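Here's the structure we're looking at; comments come further down.
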Amino acid sequence: MNEQVTGYWLATLLQPLVLLLAAPLLVGWIKRIKSRLQNRRGPAVMQPLRDLRKLFAKQPVVAKTASPLFRAAPYVVFASTLLAVTSVPLWSIWLPSTTVADVIVLVGLLGLGRFFLALAGMDVGTAFGGMGSSREMLVSALAEPAMLMAVFTLAMSAHSTNLSSIVAFNLDAGVVLRPSYLFALLGLILVAIAETGRIPVDNPATHLELTMIHEAMILEYSGRHLALMEWAAQLKLALYGLLIANLFFPWGLAERFTPLEGLGALALVGGKLLLLGALLAVAETTLAKMRLFRAPQFLNLAFLLTLLGLLSNVILESGL
Amino acid sequence: MSIAPLTLPGMAILASLASALIALGSGRAPWLMRGLCLPLLALAGVLAAGAGVGVLNTGGAALTSLPLGLPGHPWMIALDRLSGLFMLLIGLVVIAVSVYAPGYLREYEHGEDSLPALGFFSGVFIAAMMAVVLAADAFGFMVCWELMSLSSYFLVAFQHQHSANRRAAFLYLLMAHIGGLSILLGYAVLASHGGGLGFEAMRDAALTPAWATLAFALAFLGFGMKAGLVPVHAWLPEAHPVAPSHISALMSGVMLKVAVYGFVRFCFDLLGNIQTSWGVTVLVVGAVSALLGVLLALMQTDLKRMLAYSSVENVGIIFIGLGLSMVFAASGAPTLAALALVAALFHSLNHALFKGLMFLGAGSVIHATHQRNMEQLGGLLRRMPWTGLFVLFGALALSSLPPLNGFASEWLTFQAALQAWSLHNGLLRSLIPITAAMLALTGALAAACFVRAYGISFLGLARGKSARKARETGWGMRAALGLLAVLCLLLGVLPTPVIQWIEGIPRELLGTGLPHATQHGWLWLTPVSPATASYAPLWLALGLALAWGLTALLLRRGAVRKITRGNAWDCGFGTRNARTQYTATAFSQPFGRVFGMLFQVDAGLREDEGGGTPRYLSQVSDHFWGWLYAPVARATLLGGRLASHLQSGHLRHYLGWTLATLLLLLWMIS
Amino acid sequence: MSTLFPALALTLFTPLFGGLVLGLVRPMRLAGWLNLAFCALSFGASLLLARDLLAAPGGVYTGHGLHIDAFNLPLIVLTSFVGLTTAIFSRRYMLEMYAHGRVTPLRMQVYHAMFQGFLLTMLVALGTDNLGILWVAVEGATLATVLLVSLYRTPESVEAAWKYFILCGVGIALALFGTVLVYFAAQQAIGDPEQGLTWSVLHAHADGMSAPVMAIAFVFLLVGYGTKVGLAPMHFWLPDAHSEGPTPVSAMLSGLLLNIALYAVVRFKMLADSALGQSATPQLAGHLMMGLGLLSFLVAALSLQRQRDIKRMFSYSSVEHMGLATFAFGIGGPLATFAALLHLLVHSLTKSAVFVTVGHAAHIAGSQRIERIRGLIRTQPAVGWALLLGVAAIAGFPPFGIFASEFLMLNATLQSWPWLAGLLLIGLAIAFAGLFRNLQPMVYGSAPEGQVAVRANLWPVVVHLLLVAWLGLAIPPLLAGWLQQATRLIAGGGF
Amino acid sequence: MTQLPLLEQAILVLAALTLLASFSMLAQSRLTSAIHSFAWQGVMVAAATALVAAVGHAHHLYLSALLTFSLKGLLIPWMLHRLVRRLNMEREVENIAHPALVVLAGALLVILAYWIALPIERLELASTRNIIAISLAIVLLGLWLMIARRQVVTQVLGFMSMENGLFLAAVASTRGMPLVVELGIAFDVLVAAVLFGVFFFHIHESIESLDTGKLTRLTEEEPA
């Protein structure tokens, strides 16, 4: 039992805790940038964390007609998302958790969370909830295959669906310009926008029935349940950020995990995430929310891009 | 144990036949059904499962001939690993069904539908399915196959007072007959080249590629028709829903798998040296079936019809696996072929379990509410908690979500597809990822479909009076659901032992198994190699449980543990009742808009009969009716009309025909 | 020679005697029982005959102008058996018809006499060694059945009988011309003109007969006897005669008479084959049979679609199956021939059972029109299920024997004429669709108001279906032996 | 033995006359005269049979000649006559659509018959054998008569003349069939004739005429 392995386990156990803190901050950071871009002071970066604390302290109110599933859902959503983020290399390449859950399982876990989220939306029996669930499932039905295609592109060139192996492969390959990666990256970004409910697919800031998707589902939640749901959503955002940052730009991840390297890697990854967040904020301020039925076209574009990525991978780069 | 390997399955068949015969008496004494027939069926199931497990463990084929069949061509029965897997599959579902049936059949005991017919044909049906799996010669296989179709036809037509059921039954038997005949011809090709109706003789039949392709085409048509592949699927969504639910469970859960068995037996075992073009055909057809099946399922408002379409989808997924396996086998990658085959077979087993679970669950819903239309259901989870819980498991598995078994088999299929890079043919390298994409899309849509189904019928507020008065079913029915649900979870969390069993089948058929599949022990599933991909569902499940538990624990410690119940907020809109909920139609409407080109949606305001308030209704029909079935029917009727013109009634015309024939023949011979 | 000839004589003469007696017996109940008794006697004798023939050297008996071999022995037993079961059914059924005032006592007398006469002619046709007598017997069968078909004296039945009479008369006449030509050809082959029509002798010397004459002769015989088999396009009499005659007669027409005609054709085919053996077209006879058989099969399958009369429908299904059998005989070869022989047996058992059931069904509904027959299972489950299972058997579903024979036929076809197999598949599918489309509304659904069950004796049906199921699952060695021998006789090779 | 060819020629002449009789039946539009020509045909067949018997010293043929004469020459025509009178149709004139065409088609059939019989002709056998062609022609003409005419009586005539043709063939080509067969055939013809008689009445009472064109109850073409 050399310290190498203990290091890996340490990384695996610490990673979710770090992300649990980092995710709200990332959201706060995005909000901050956005309000800056809109010439507002905006809330502090810490604000989301404060909100969570407040929500946890509040007493939840559950609709009379809600079934047990309504109360179980937040935990399932939270747990699955947490597990998902645990299986993405944050700072160290080699994570034991990646052998438990490869990239397909990752998508599956997100799907599990979404399944319960949508069910919870329909449980109380409000029109909003059903509407949100329907839209959410539509968006995800189009987004999920695109995402799988994107990661398949990486998997096919790395000959593995294990995230660590993929990262390692990309790290070894160094800077290679692959058309497939370009397509996959673009596609993944579009998917990330759709899946995390950002503009132009969804608008996290409003409760307008015409626009909202994600918010409509958690409308009936309050107190700790709401907190868990929100937290899960923030984790999801962070997760996509991580995927984009660490799969396509894996530079700086720790080969062999020692506290020092770990912190260095963490700093680098944090940097990447902040950058991504800023970009997202810029995008959101410049773009406008689009009608629900333009969302499919948006996602078809994503699907098309990723499929192109995959095809160009198997056709052009089979040698590489 | 020292009993001959074929004793158990033989006893299983005899037991179900006995139950069939005893059921004939249940007209006068209904208790016979509950007291004797169904227990016998359960026994048959146990025996079959036992036989399957036994041969899967030990392997090795046993072959004997029966004193039946044609002169010089006795019936042969054999039990090898492939048969064993399907015996196990049949056995498990049959056990569940026979535990379920007593409660479910109670209301038939006093109805006008004849209980004896139901019991008799159920027994024959089950026996025939087991016998098909055991048969080792073409004649025996075909006899049992057609018996299976015929008996299930009587079960579909069981409640024959509804003309829709009769129509469904007719369509079903017609297509089953056509399929059966084309399978028969497929066997005939092998028999004519192999010299003999026995499988042994067929295995070493030397066929030219053309003949082999013909045989494959016939078999694919026949078995595909039974399995419900697009475009020959039309009978399935008609026939499966109208049978009594436990029979639907058997038909969807087991009979389709028997078709899969037949296809595997025919193509991989008897036909051998597979060609790439076959694999591609199977792959494409499978992918199309999967996608179209799930989309149509998403559009249904009838619970059982929805499940039937989802069977089309899952059969499609299975055939994607088979197609991959054939492609790999044809392009000289036996290990990958084995992987894909294992994925397909594993998914067959899984689908049998969760589709059986879902149909039984639907049966419970119907039993409690006498309502198949989702739009009339709602809020059942609170009235039937156990049923609701078990069905939730089924829904998760059908949406192929971890950590359940549906995900495990789909994961394997993906792993197989992702090995496409190792092929040399660029076309295949690009085709396979596309099918993988369609598979991904299918999975996501399936999730949507079952969120809709479960959310509409089990959550929310009751939409109809019957749903408002629903009550939880008896213990037997719940126990059956529970059994299947637990099996789904078990196979999902611990797939490795089952995979170890299944991978013996490709070792028998393709000559190579999955050497690395389980080298990391019973926890880790590493189909190709640990470096390529690994999946530890048990850890995953534990992780989930841990995360859930910890969160819950921490929050319990938190300030407020008490939950107050209040009215739903609903953005402050006050008037919330069952009618303001989202309906199933509303839920699937955007999907219909996005994927509208793949099927016909005719929606609009309809006066419901009685001329009450107009409602927004939407029917969905798939294009193939117009493209394939209607023209054939029209052509047949036209032919009939022409033929009836011959019978003009004028004696002189008839004599004229005689003279003409005579002269024509005389002219021909000279 | 043990009791062989006595048994044979008993088999043949019982119906003759019976016909004469029944022609005189007026009280119809007694007549019904007597009819049954004579049939039973004849059947028993035929069983005795079968037993003895197996003991006889070579399993062949020739003498007294009779010739019994493995080919016609099963048919003789079958004929007397179906005759018996039909008599059992007819006894009560005809009384019911009398109660409904459809027949007068006098006609009942005619009916019973002709019933026996019909059996007699068929048995003679099977048993005789002389092709001329064969012709006479078949013509006699026509005459006997003409009276039976027109028994009810309704305009329809008279018309049907007339058409039947004329068409079959013409056909038979053509067959006689063929027979004359055979006789003519035989006279060069064998000196003795007295033996010129003796089948056993001809078969021995057939290779010496002139090929062109035999070819022409066979065409006449095929068209002639083919009319009686019901081969398209000479089948037009068949649905009329079946639908208008009394049900027992329909049962025997479909179950037996068609077999006899086909039997005659095959006998002549055996001659033609060996006569044409050296000619340019050795397979001529076979090909002609295949063509006509396939044609009638398809025409019948299509005609099944739009039927309004239940008995017409099943008569078309008879045409279909006879077409199949003819086709299979035409293919030749052990496999196909065996299949065809088996098909003859199982078809006549099944079809007669179906007609018996149809009789009851039509009785329940008080009409033969399909749209008037509804909800049989609700009204009288036994009849409904019997009809359902019978039709399943006719449509070629296991465990019933027709599946076995069709299985073999399809195999044989695929071996020798692969592209025709597809045609068979389509035809079978169409025929099935036609049958079941019309059947389902009759048996299923709720019964019309005031429809009540009738006194039905379904034992014949049960026995037949059980027999057929037995044949479908496992052919008993004894019968298998006969069929093998017959196959060797016809196709010159064992299956 | 010089008169043998003469006799054979006589047989040929009789055969030709029989053929002619068929034609006259085809052309006759009046029932009674058609029946007469049928009677003549029967007589000629009988005569031919007798001649063949004389030529071949086949004594059983005399018997069958006698049978033929009494049946086809006397009994059946007389029965038909009686029937026609009973159903008072002596004046009945069946208007044929295109009499010329009908006869022409008949002529074609004769040619066809010869052409069909060619392979048999080529057997280089005694001249009586080509009577086969003639008798085949008679058979076909009989069938054609049944097709061309709609009267029940004419159809019976056609049927019976087919029998004549067959009989001629049997006798002239093969010196007659074995006696059993001859008797059997004769018996069948007799029964058939009786049955025809019976049916005339049934048909007449069911459709008030003997026009087979009206016997079309049993059809599957739904009434347009």
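Details
Chains: A, B, C and D, in written order; residue numbering restarts at 1 for each.
One rule holds for everything that comes next: a residue touches a chain if its C-beta (ideal position, glycine included) is under 8 Å from a C-beta of that chain, and two chains touch if they have at least 3 such contacts.
Computed from a predicted structure; not experimentally measured.
Here the chain at the heart of the structure, going by C-alpha means, is B. Looking at C-D alongside A-B, one finds more C-beta pairs in contact between the chains of A-B. Measuring from the averaged C-alpha position of subunit A to that of subunit C gives a distance of 78 Å. Subunit C and subunit D have Cα centroids lying 31 Å from one another.
Computed from the mean C-alpha positions, the centre of subunit A lies at a distance of 35 Å from the centre of subunit B.
Between subunit A and subunit D, the centres computed from C-alpha atoms are 100 Å apart. Among all residues of subunit D, those that touch two or more other chains are 116, 119, 143, 146, 155, 212, 215, 217-218, 220.
Residues of subunit A in contact with at least two other chains: none. Across the assembly, subunit B contributes 644, 647, 651, 655, 658, 666, 670 as residues in contact with two or more other chains.
Two chains count as a pair here when they touch; such pairs are A-B, B-C, B-D, C-D. On the subunit C side of its complex with subunit D, the touching residues are 65, 130, 132-133, 135-136, 139-140, 143, 146-147, 150, 153, 155-156, 158-163, 165-166, 169-170, 173-174, 176-177, 180-181, 183-184, 187-188, 193-194, 196-197, 210, 212-213, 215-216, 239-240, 243-244, 303, 306-308, 312. On the subunit D side of its complex with subunit C, the touching residues are 116-117, 119-120, 122-123, 132, 135-136, 139, 142-143, 146, 152, 155, 159, 162-163, 165-166, 169-170, 173-175, 177-178, 180-181, 184-185, 187-188, 191-192, 195, 199, 202-203, 206-207, 212, 215, 217-218, 220. If you check the complex, the residues on subunit B that touch subunit D are 644-645, 647-652, 655-656, 658-659, 663, 666, 670.
Note for the complex: subunit B touches subunit A at residues 378-379, 381-382, 385, 388, 392, 396, 399-402, 407, 411, 414-415, 418, 420-421, 426, 429-430, 433-434, 436-437, 440-441, 443-445, 447-448, 450-452, 454-456, 458-461, 524, 530-536, 539-540, 543-544, 547-548, 551-552, 555, 558-560, 562-571, 573, 576, 578, 580-583, 586-591, 593-594. Chain contact summary for the complex, subunit C toward subunit B: residues 162-163, 166-167, 170-171, 174, 215-216, 219-220, 222-223, 227, 232-234, 236-237, 239, 281, 284, 288, 299, 302-306, 377-378, 381, 385, 392, 395, 397-399, 403-404, 407-408, 410-411, 414-415, 421-422, 425, 428-430, 432-434, 436-437, 440-441, 444-446, 472-475, 477, 480, 483-484, 495.
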